[in-house]
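Below, chain A partners chain B and then partners chain C, in two separate complexes.
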Partner chain A sequence: MSSMDTSNLTKETLKRMFAEGKRFDGRGLTDYRNLSIEYGVSKKAEGSARVRFGNSDVVVGVKLQTGEPYPDSLNKGNLMVSGDLLPLASPRYESGPPGFNAIELPRLVDRAVRESGMIDFEKLCIKEGELVWTVIIDVYPINDDGNMIDASTIGAIAALQSTLMPELDESGKINYEKKTKNKLPLSQETLPLSFSFFKLGDSIILDPTREEEEACDTRITFGASKWNGQLMLNSCQKKGDLPLTQAEIEKIMQIIPVKFEEINKKLKKFL
Partner chain B sequence: MRNEINEAHEAVEDSGDSSDTKRKIVVPGEVIVEGEDYLPGEGTRREGSKIVASKFGLAEEAGRVIKLIPIFGAFVPRRNNVIIGRVTDLTYSGWLVDIDSAASAFLPIEESPRFINRNEMDQYLAIGDVISAKIWTVKGKGIDLTLKGKGLGKLEDGFIFRIIPSRVPRVIGREGSMVNMIKEKTGCQITVGQNGWIWIKGPSTDAEIKARRAVEFVADKVHINGLTDKVEAWFEENE
Partner chain C sequence: MAKEHKRPDGRKFDELRKMIAKVGVVPNADGSAMFAFGDTVAIAAVYGPRQLHPQHMQDPSTGILRCNYDLLSFSVYDRKKPGPSRRSQEISKVTEWALLPAVDLSAFPNTVVDVQIYILQADAGTRTAGINAASMALAHAGIPMKDLVCSVALGKNDQQLIVDLTKEEEDYHEGEGATDFAIAKLANHDEWTLMQMDGKIQPERVKELLELANKVCAEICTVQTKALKSVVETGDEK
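And then the complex of A and B:
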């Protein structure tokens, strides 16, 4: 909907404010809003979580199903991430075939989770070459007030961590009614997170509200994870017309470790 | 002052801050009063001898008439409403303006305060520019705007943001008392459009942020009686 686009005035004001290091809600440029996580929001899903960043609200569910492995990974399980930008979440989402954002969002979550090695896919193999588990992550934004990507990734890992495997009988049929006590084979060492940095003018901000997000020219998303105490970047995607300078990327690299610890600490409270 | 709008005439449906009338929060279907003496006003209906709410909002008695101020609701354009809009497109004969209503609004080139050459329309108003305009007509096809009037025209500097349109009367207050108080305390220029878009321009960034937070505070506490005192207290707290 066109009324969601920012006006020239608001963009200029935000540019000026960011240059002064100020934001409308009184946060610093790289401060996150209040994070809260709720588990078990869906009874039908094997694992689910609802993540809130201020007014942003996203529900993520995990379903498990059995299927054939891909020919290039006969002893590995599969991962699928799908997203649906419901029109109820924001006037800027329309119903109909998925748009650019509806394809990009789950893709970014997929890469952040997959490339971090959080899920041990080899343990998801039931019978090599014939039957493996497929993990399906569904992302549903409920209210979009900016920063959907970071919220969705946190939702995905929270949902994965709360997932319980359903019972599997000998013929290979799944009994969804009965959940076992087995959790998904997740690595305890690593915890993938994604960080979306937005650039407006010469300022870099984190966790924008919808208003700020729409005013920004450029976004860059990094998927980061920690392995053996070492912080790694697993994925990176840039959106927008304007370039980022080397100095800006270096600045972002300074911010990521600090924010990673901060979010990690907050997450541990909820797990 | 070019961008100043006379708020007094905007508060026609006077539902501003008034501590003498009693308001109560009602949900749709709730009986507000019983008795044949009362008349159903806006947002209410009569069912037998009862006056029943048809919206979620604040009900109040204005003499014999029961009025209801909805807490949520979209902007319904009416003639002579002063609104804030954003130019979305230029056409051969005028500008298309987004005013956050169901129908799109059109500003004909003839309705600008001075003569504009058709070839130089974008030098006066370009896409993304913000204007404060008056609704001239509301027809089945769409809404026509005019820029001819006091305080109407392109808004320069500052920023706009949105509140829920049905809360605009509360932000303006009785004869502009609420918005004038915020203006005084922060030193900002504020224009409140009937469509819920608010334009603020202040001497400093801090003053602008404060003015916006004050307006959002008022729009948030719309159901509270004696809000003027609360806002004064809020300003003292956030000094």
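And then the complex of A and C:
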């Protein structure tokens, strides 16, 4: 049962229900499931968090390393986002080389975080041209019940906010066992969030369950954050075989500011 | 608008770089084309419909479209290591989705149409030039299509919306910085098939951006159509 593809019956039923504004679990089309965040998944990480949207569950860890800067940014630290869709988390995930979804997920988290300007990379420079910090975010779904991208982005910002820098000796070597009290240089204003909209028929929904997500034809994900008091879109990626209309895109533009405030309010409790 | 924004190459905000489009650039292929936006040059070749291997990937209800995009190693200043990267795999996939709504492969069950896109020279907007070339190559190959696909990178430097960014404009840092918003749409339908963006743009300005996209895509379509027609009229082999 768990490894079957979405049946036409499920798809048609969902299409009909969405058109009436209904969902199997009783939510409205743009309502989120319960959100919770836990910290301290691993003491060995510099920062970590676990995010749940209903039954969706993802862990995110931050590790810090030092290294040479890139030649085009000698006075800046670096960010790397990676991760894996472990076969642990879903009957859909398989071992082996990463498929498209496993490549896309960390790339979307990377772009939402990077483009928001949340991390002040210049402050991650230890010695210009020689030594800088690299922030490595790793994302691992534990249970995929849909909307992994949005959950992972929240996991990434939570893990970043909880990160404490490890001690650095005079030769530039890191002592991971000794954490300082220093946090990462993060902007207090810009909390990047991502919003993945899914389309089935003419309906657009947020925070799908796995079943809903698989029935949908098209997804479009936006990264958004506050910058100088204004809400800015920072990243976007459309996925799927079917197109969107201009009216649909314009409608999404009206939903994002509302949902940004709503999720931010919910996050305040945890961050 | 805060202050007059001047583009480094002197173009108007809604002016595309010089476009060049040619059809039939790879004689071995079933269809092929090149498309250039200024210094960004893409070539695309279409092979198929042909039988799909491995067999388990075959779909008895329709042919499938398979795209591959990559940069040639010397198309950029810092040599690109040959072979697929995460970036090129992602672009290959979004290119496939950008083209799919335009083609109908239901008459060719169990087959594949392979679209190979390579960038000879890169100055930003490579995926969009690649999609424009691929769309022409598909038409040239005689694949049933309901429309051409037109693609362009729009964006913003500080507060000024601009079209068809160069690398220099992608690296703009002042004010609100640079936004790069790549789109593709069917030329004569309200069907948006690619949307990818990085940067900073207010949600309420997206509408303005889409209107701009509609305008310049019409110009791109004209160039594509002209190149396709020229092949038919001169009586060249396909």
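As a working rule, the second predicted complex is superposed on the first by the 267 of 271 C-alpha atoms of A that agree within 3 Å, B and C clash if a C-alpha of one lies under 4 Å from a C-alpha of the other, contacts with A are read in each partner's own complex, and residues count from 1 in each chain.
In this text, a contact is a pair of C-beta atoms (placed from the backbone, for glycine too) under 8 Å apart; a residue touches a chain by one contact, two chains touch by 3 or more.
Not measured: the values here are computed from a predicted model.
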Label the relationship between chain B and chain C on chain A in the superposed model as either fit or clash. fit
Treating the CA centre of chain A as the corner point, state the angle out to chain B and chain C, nearest 10°. 100
Touching A:171 in the superposition: chain B (first), chain C (second), both, neither? neither
Could you look at A:107 and tell me whether it touches chain B, chain C, both or neither (first, second, both, neither)? second
Looking at chain A, does chain B or chain C touch a larger number of its residues? C
One more residue to check, A:16. First (chain B), second (chain C), both or neither? first
For A:233, is the partner it touches chain B (first), chain C (second), both, or none of the two (neither)? second
Could you look at A:188 and tell me whether it touches chain B, chain C, both or neither (first, second, both, neither)? neither
Touch test for A:34: chain B only (first), chain C only (second), both, or neither? neither
Which of chain B and chain C A:245 touches, first, second, both or neither: second
Smallest separation in angstrom, by C-alpha atoms, between chain B and chain C in the superposition: 8
Given the complex, residues on chain C that touch chain A span 86, 89-90, 93-94, 97, 100-101, 176, 181, 185-186, 189-204, 206-207, 210, 214
Interface residues, chain B side, partner chain A - complex: 86, 88, 98, 100, 126, 128-130, 155, 157-161, 199, 205-206, 208-209, 212-213
As the complex stands, chain A meets chain B at residues 2-3, 5-14, 16-17, 20, 22, 24, 26, 211
What part of chain A is in contact with chain C in the complex they form? 100, 103-104, 107, 111, 115, 220, 222, 224, 227, 230-247, 249-250, 253-254, 256-257
